[in-house]
Amino acid sequence: MSSQATSTGGAAPEAAPVALAVTGISKSFAGVHAIRNLSFVARKGEATALIGPNGAGKTTVFNLVSGVYGVDAGAVTVNGVDVTHMPSRRRIGCGIARSFQNVRLMDHLSVLENLLVGQHIRAASLTDLLTPYRLFPNHRWRQEARQALADNGLERYANETVSGLPYGVRKRVDLVRATLAGASILLLDEPAAGLNPSETNDLRDHLNLLVAQGLTLVIVEHDMHFIDSICSNVVVLNFGEKIAEGPLSVVRQDPEVRRAYIGDGEN
Amino acid sequence: MKFVLPGAATATALALVLGCNGAQAADDLVLGFLTARSGPYVSLSNTNEAAVRMAVDEVNKAGGVNGKQIRIVTFDTAGDPKQAATGVRQFANDNGALAVIGPFSSSEVRTAFPVGERSGIAVMSNSSSAPGLTKGFSYAFRNTVDEGKAIDAVMASLRDKKLPMATGAVAYATDDTVSKSVGAKVAPELFKTYGVELKGSVDFQFAAFDLSPQVSRLKGMAPDVIGIGAPPEGAINLSREMKRQGLKARVIGGTTIADPELPKRMEGAGEGLTIGTTFFHDVNDRTRAFTKEFGERTRAAGLNRHEPNQMDASAYDIVLIYAEAMKRANVSGDKAGLEKERTAIRDQVTALKKFPALEGEISFVNGDSVKPIYVLEVKGDAWSLFDTRKPE
Amino acid sequence: MLTQQIINGLMLGAIYMLVAVAFTLAIGVLNFLNFSLPGLFMVGGMATYGFIRIGWPWFFAIGGALFLAALVSLLVERLAYRRGEGAEADVPLVSSLGFLVLLENLMLVQYGSDQQAFPALLPDMNLRVGGLVIGIAQIISLAISVILVAWLSWFLKRTNAGRRIRTVAENRETAQLLGVNIRRLVPQLFVASALLAAVGGVLFAVNYQQVSPWMGEGPGFKGVAAMIIGGMGSIWGSVIGGLLIGFAEVLSITFIGADVVNITVYGLLLLILIVRPQGLLGKPPAREKL
Amino acid sequence: MSGYLTGVLVVLAFNVIAAYAVYLPMAAGQLNLGIAGFMAIGAYGAAFLTNEYGWSMLAAVPVASAAAGLVGLVIGFPVLRTHGIYLALATFALGQVIAAVFLNLEVVGGAAGYTLSAYAGPYVVFAAAIGVVLVMLYLSRTRFALYLTAVKSDPTVADLMGISVRGVQVAAFALGAMVAGFGGAFYALHYNFVEAQHFNVLLSVFTVLYVLFGGAQTVWGPLAGAMFFTLAPEALRFGEQWRYAIFALFIILFMAIRPQGLITTSLFQGFRRRSNEASP
């Protein structure tokens, strides 16, 4: 699926159903407005990018959507469920999972174990909790996690402790973990940052595959080529406010967007 | 690899213990001795060993018991009840001991007595004076007197000498078995018996250092006598604070504060403090000789204290009591008859009446010894003998 | 009589206050619950006693004890704090506790387990105002504690060195970026908190005229409680916490009995931790960044 | 078995149980400095039920340890709101309060302590300790253990993965309390005597030391730590009055050389790697 094909579909009448809807959310920290009256939607089976200069509030949006912080005003709807006041822990059950800007893996655990943690939402009963899966080398949970690693060419790292692995590998493990929750919406915070060109290419293919499988992606990223090759819709933030939205080719021409980026000294 | 270190430790520990036992002569009469060389009671306990060794040397020099020599095996409990239980177990199972001297504290006694009972070996404490500890046991003994008897003797002496005792108050530590029983039960009941009006009581923690609020309250009661249930430190702190706040009353107590160096440690604060205890160094030639020898031995051993207290004397007498019991039971120390001989020793101790020991004539009633009580008073920086009361 | 109890509580609180401030320095700046501090408190008292016993004049004895405590604290920094930095947060706690056990046992070997009488350094004089008795030693101790704490608070607020310390307390990385030499600052802080604890021990010995190898445990643990109640990292919080615990202790002895002292003091601590974990004057913990 | 060895192994058994009681919450990142309080609940519970109601050990021990666990559960909710050092100190305060309460309960003897008539012999105690170790080994193979580490490692992310961080923490805390109560119950039944003074801060803190010394990263750490702390003082008996000073010095030096504890995950990995290399 090429980017051209999806980008034209954005405004068409047969638009895909809304997976994630953010409606008029605001958040301030100690009197400083971090996010002000922000609204956007992410449609099922599409990738939406969240861009903006450093400090524009992109990660804050992720934190508000995933529930790390509560919003001051507005609403967040995931797959038709209003999660605005739902504790962060329960939101993953509505089908939303995320990765982290500065990779957040459990350092003392192995790669495989990190993925097992990612499965939690699908293995949360008391019986699951107390099943001695480690006594069975081929337990289905482990098989599934190994398969996911194999799909990403990471199988040889399965039993390594995370803390010793190179950054690129950890970054990808973080992503795999997010996908293992079986969520339909993935919030990916700078997935390509710190990756070398070949890793970035692999990642692009992988994400496009996910989109093709019908997953909804929301991506915070600085690499415009990367965004261009995946995302059909781009939301531009500056100082916590949305200043533009639309296909990348369109927003890129927006004078306010140019000002925001040049004024901030970014590319 | 991970078990190498602990493994080595076990091996070393076992080698040490077994090593000590390997050298034993087959026909020695073995007595186990639980002592504390480390931990919270070390200063009180480490001199006991000098007294015990002195008694053993004297018995052995006089030809031993039934022609056999007495030999002591020691075990350091560090004041820990768990280790006291381990010690009794070791004496009974590994060392072929005939009886056990110690342990020191009431807490250790409470774990050591059940082990002694199950193993069928007599255990006799030289120090613990909490009420009722021997109850329910047949192999458990204490060569100490109940605090009630000690303080009763003090009260009787005060009455006989017509000293002021119209009103009284009680001060005690609440988190120590003996102290609390003295403060909450023994002293108030004795006050009633002797017609002393109880004005009230104050309490403090065992390790309390600041007794100013308690003394402030005592001052409000203005008693003639203050019964104290506390360790020596508590008595010192109380007397000091009484002096500071200008409260004059006679403090009376039992063996818990019978520290030979107490008058010196109070530095003039405790004038007139009166206690009942089971040993005084200046009673007769025997006690004077004991005190002299004890001083020499403790100096030679490099210990801090050179004046014997009632626990040292008690430990010394326990050896003599066991020696007497072994003689009467005609004990051979033969390993085959160990169980029988241990029980025979117990029976002889139980039956012992008016045995002429260092502390005076000792008899046993329900596992606890009955012996004379010496009432002592602080005069200047020394104890002086105020009265001697023999059991009826 | 209540006035007398309040004065007693004030004196007791002053000792706890010094220990609490010592703990707060270590925790507020270094994030290190330094369990060797009760040991250093004890060293302050016991070493002074030991030096006096071998015939030193009292001011040399106190100086020697404080020097010894500072020296031991530098060892704690070397062996417990610095070595444990990379490892789990609880590790320095283990070794610092090892120091407490070591110090106690060394003193035990040297002086025995008995409580020792500490000679009266100050004339045994007492002010009697109405029915009140106030010891000169107590007044001097109180004054020394208050002056020390006030000076420390001024030092942290107004001097360059103080500002550097506060920067480290707020954020180590920032402090390093700003050019604060942490490697040098940390040992200085260790010495400072050791001196506070040891001075507490000396004042304790002078006041209550007694020392023992275990003397640090009671005031040490109550000092921790005082620090939390006042708010970790806050010097004035420690002052308030120390006094509060002193009063709570004295008043519960007076009105309820010594049995309940631990229930009152630690119950108060538990309550504060549940209701207001940051303590009376502490700042709430900062929010985590993703 | 010699009497001495039996005695030492009994102490070891109690220390192992206590170490796992501390280990469970610590694996979830909580430092419990009040474990002695929960041991006291188990000990007094078992003592009271066997003494006053004539219950058999089989009934009294589970009930007493459940009581300790229940107190852990009830207290755990408010206390575990606090984090890090606050939590450690809250548990420290809790332990003190529990011990102080027992010290004042006259129905169980108050300061004089409480004597039991029921008796659990050495082999019962060994079995109890082995049972605890086996349960811990089992738990270490489950998702529950995985979540303990996850919660310790990164509570925020664990929460976003849908794990109830608070639930896992409270469960670990309460289970730890239960294990402590279990150990306490057998302590009382074996030594036939309990006193509140025994369950003091130092007991709590030393138990934490076992675990940190042995290493809190793996399920074997507490076992190794408890073994070391039980056997080293025995091996140091020759040191007479220097015994505990030498011991403390050793702890300090050891932690300076190996701050992560005796047994670590990387140690196991090292083993695994070496054995892999050995068997091609």
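To keep things simple, chains are lettered A, B, C and D as they appear, and every chain counts its residues starting from 1.
The rule is short, and it goes like this: a residue touches a chain if its C-beta (ideal position, glycine included) is under 8 Å from a C-beta of that chain, and two chains touch if they have at least 3 such contacts.
Note that the coordinates shown come from a computational prediction; the quantities given were computed from them, not determined experimentally.
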item	value
Mutual neighbours - chains that touch subunit B and subunit C alike	D
Pair sharing more residue contacts (C-beta pairs) when B-D is set against A-D	B-D
Chain at the geometric heart of the assembly (C-alpha centres)	D
Identity of the chain that, by mean CA position, is farthest from subunit D	A
Whole-Å gap separating subunit A and subunit B, where each centre is the average of the chain's CA atoms	74
Centre-to-centre distance between subunit C and subunit A (centres being mean Cα positions), rounded to whole Å	50
Whole-Å separation of chain centres (CA-atom averages), subunit B against subunit D	34
Length of the line joining the C-alpha centres of subunit A and subunit D, rounded to whole Å	42
Set of subunit B residues in contact with two or more other chains	38-39, 42, 174-175
Subunit A, residues touching no fewer than two other chains	68, 100, 104
Two or more partner chains touched - positions in subunit D	103, 156, 241, 244
Interfacial residue positions of subunit B with respect to subunit C in the complex	38-44, 173-175, 202-205, 207-210, 212-214, 216-217, 220, 232-233, 236-237, 240, 244-246, 265-267, 304-305
Subunit D partner contacts - residues on subunit C that touch it in the complex	27, 31, 33, 35, 78-80, 83-84, 86-91, 93-95, 97-99, 101-102, 105-106, 108-109, 217, 221, 224-225, 228, 232, 259-263, 265-267, 269-270, 273-274, 277, 285, 288, 290
Sites on subunit D touched by subunit C in the complex	26, 31, 78-79, 81-86, 88-90, 92-94, 96-97, 99-101, 103-104, 156, 201, 205, 208-209, 212-213, 216, 241-242, 244-245, 247-249, 251-253, 255-257, 259-261
Subunit A partner contacts - residues on subunit D that touch it in the complex	138-144, 146-147, 149-150, 152-154, 156-165, 217, 265-266, 269, 272
Subunit C residues within the subunit B interface of the complex	1, 4-5, 8-9, 11-12, 105, 108, 111-115, 117, 120, 124, 126, 128, 133, 135, 204, 208-210, 212, 214-215, 217-218, 250, 253-254, 257-259, 261-262
